[in-house]
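Take a look at the structure below.
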């Protein structure tokens, strides 16, 4: 522990006893976080596997289901999430530079965008409930057919599969967003108290990695769920 | 031997702090290992109790001891408790937790608080399962196959699935901690080729935990969602494919058997080396075979599904790939055997367990080839042949390795020696009881007795009686260590720092080790298993 | 109780081959086990600790490592090839076979013979004839397992799985459900009764007076209105079904599929999924409207519309007249 | 072994972050317009290619992988993707080849 006297003097609390240096501690945290993201990739991977299988098997139903989603809201939400990723990156940058007020500002902004995303998601979910698009005994689905178009041959039973996949995937994603908002709240409180400095901002950086990962999942979900068959 | 007073004066992790609070809030990996040891032992005997009920019911062909529904709940409880709460965590969470930081010369695991969280998650999952079992039980089998689990079972699938899910995160965090620790916290001079094979095995295990566990986690979530909210991902009526569940489930659950067996293989490497007083034959091959098992283990999962209605082409691919996982396992067995050549072998209890492991794992591994072979698998899958096979690997392999390791490191963990005579007796009794229990099941399986039957045609009875008789002996073989190890905590001979005169960093610190493992960070300027540098006769302290 | 049985009866065309491969595996495993056990015992006693004798540190040997990695592979490839060969035979039903429909439910096996006879938990088959089982489940996954025949196939809800065999020994054999299916899983057992062809014929004739399965199917085909679109000439709104079974069918989206039992099944339950090229997706779904037994009958009927394809029972000579287009 | 002091603090400029952010937004638009053009089977390929490009930008710049000297991070990502592909490919090996005889 005597390897870094400066660290022990000013930030003794941040260097945990079992690490030799701050570099070792930071590297450990980074590796740990990336390994956690690996588990997240595999976690969502299971659902992508289901998606891949059922999309190929029941393409008509997936196309019809995709058209029933609000592409406009989905697109706006994608933008909102991308902007929140930018604010998160800026929050990490502010932490790197030790700008506490900017850090707090960007954390708040990230939370606002994150909450906006969840709000829009709630509006979309609500619409699905109203339209009886939620799988279960009350499920019903009517295709919207524009003039001159032929409706897709769909099976009402199989139609529920699209919405099962849709709710499972977006629901899990939304759950991750909620957890992310919790992390942001924690970071905001800590950074308002001045817990982070250019020497020690690992928690901000780790939460950033998590937030960006959740963003990446959505980057895939948006075209895979909303844009299956919009060209016809 | 030293006087009993000496270790009392020395500060160690056990006497550093006192009181329940100091245990429940500890972040010391050694104390967490002890917490795991206690809780896992409890779960083991809970699972064993259910095994006993199963064997009692199967004494007679008729279903006389239990109703069909009770039997289904009993074997499910046995499976869930043993797989998720004993076999998967046992060696990593107890021996791994205790030894990984010490063996790499670190003060603790990289994330001590996450390590404690792992234990709490394990306990929450475990208590949830106990709660489920006591308040109605679950009757799906530990495999949770839909559509039975999602639509037809009238038992508490959601809570049980949740329990396995939570335990899964415990396992993920343990694996994550080990990988980071092994990468980042090795002592100066401790290069990868100087790592003990136990560490290599733990590393390979952790890789599987990280990659596989989340897949089964999401699969269980989907089952729960289908049951609770009608999201019918696996529902055939909605165009779902129940085989998707099986693919996702076995993507984890086949590698999970390597989560169970690899750490025990690591233990065996340490034991054979220590009691032959030799460097392991073919160190690099044994080390890399662990990694190979972890990677190839992910390519073979669908050999559980050859009769499930899978594509013939896929069955071919998976059968072919499955044989490749046999190669690294064979490499290990051959190298362990070769290590004894020109050694200086003694036969203390841990070595007897290592012999037991070799004997049983050989049979377990070879019968695995039967199941990889398509034509034979069609006949024996879902019969007692499979049951016998995986008990040879899981119980014969994992438990033998664990018990061997517990005896070997008992002096390090507790500072006391176990009674050698009783240790040897228990190892022998366990070995005999095990074979008597499970060998007849191979024959039963080929005769065609299906798994999960609580009543069966009378011609199967003789073999079932043999099996139940063997289980009684096996039970004694497991109860004995419990008794004499507890006894030794108080009355055992006080252990020296290195009672086996073995190589390895863990023997260079005191018994039991101090809270931060080493008084000074060790510098490793010697090779692993450097028995040539150690004196032949144990030095009295 | 009595002496300990160690070998199941051999009663199908698959039993001898599976047993031979099994024996081969047993012998190889036994040799390996004996070798390893001997090595352990010999080494452990020869190199037990003796005063004054020091262990010799050996790094390893690449030659040995490669030998014992590669040598087992040859055996592995042999196991694989032999096992795959048996599996191929098991998964490839012959062209001429008695086609029997099996519907599993918690906790019984419902069996429909093409001649119209129905059985529960019992399956009568003639000795020496090829029998093809077309199986599905009404609820959960089951598994049709006949130990004496060395074959097993899971029975899934929502699709057909196929297995076939040729019984070679008359007698009564166990039928087990091998995939855990709920409370009475171990009660979901039955008998396979293998009879000499003449006996079998007598049994068939003494069975129920149900119409042959395909006839039931034809009646349903008319009752459900299928016939109004699926006509024998090109005037119908649906594809002509004559001669379709067993052929490749071109689909609207450019794919082609083999018209097998599962395709017919899917086309009835989910007609929009694979629309034949040149036709509109106008057929309503029958999912939830017909039972599995009715579905079996329809499939059996559609198969008889392809007479060139031998889907009719071709049991041992003198057992059953060819049915099919005799109406 | 314990002195891994290789995680230097690389600070990226606001302008560059914004550039990445704007690129991501533009490509979201492109995703949409690509989907409105009928490319048949290629639609999904294009959509995934764009998504992967966007994800790569996020990983490299927002998640700082471009600037880390840490080999393990990259190995970890590649490893995860490899096993994910394995899961998808080997399970599809079954689903896509069911027809037999």
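To keep things simple, chains are lettered A, B, C and D as they appear, and every chain counts its residues starting from 1.
Following the convention adopted for this analysis, a residue touches a chain if its C-beta (ideal position, glycine included) is under 8 Å from a C-beta of that chain, and two chains touch if they have at least 3 such contacts.
All of these numbers come straight from a predicted model, not from anything done at the bench.
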Which of B-D and C-D has more C-beta pairs touching across its chains
B-D
What is the distance in Å between the mean C-alpha positions of subunit A and subunit B?
35
Give, as an integer number of Å, the spacing between the C-alpha centres of subunit D and subunit C.
43
Shared-contact residues (touching 2 or more other chains) in subunit C
91, 270, 287
Would you mind listing the residues of subunit B that make contact with two or more other chains?
183-185, 211, 215, 237, 239-241, 243-244, 247-248, 312
Can you pull out the residues of subunit D that are in contact with at least two other chains?
2, 4, 72, 79-80, 83, 87, 91, 95-96, 100
Have a look at which chains touch which and call the overall pattern line, ring, star, complete or other.
complete
Sites on subunit A touched by subunit B in the complex
16-20, 24, 27-28, 31-32, 35-36, 38-47, 49-50, 53-54, 57-58, 61, 135-137, 155, 157-158, 160-161, 163-165, 167-168, 171-172
Subunit A-facing residues of subunit B, complex:
106-112, 114, 172, 176-177, 179-181, 183-185, 210-215, 217-219, 221-222, 225-226, 229-233, 237-241, 244, 247-248, 516, 521
Using the touch rule from the top, collect the residues of subunit D that touch subunit A in their complex.
2-7, 9, 11-12, 14, 17-18, 20-21, 24-25, 28, 31-32, 35-39, 43, 47-48, 50-51, 54-55, 58-59, 61-63, 68, 70, 72-73, 76-77, 79-81, 83-84, 87-88, 91-92, 95-96
What part of subunit B is in contact with subunit C in the complex they form?
63, 68-69, 72, 139-141, 143, 145, 147-148, 151-153, 236-237, 239-240, 242-243, 276-279, 281-285, 306-309, 312, 315-316, 319-320, 323-324, 326-327, 330-331, 333-335, 337-338, 340-347, 355, 358-359, 362-363, 366-367, 369-370, 372-379, 381-383, 443, 446-448, 450-459, 461-463, 531-532, 536
Considering only the defined contacts, which subunit C positions touch subunit A in the complex?
253, 269-273, 275, 281, 285, 287-288
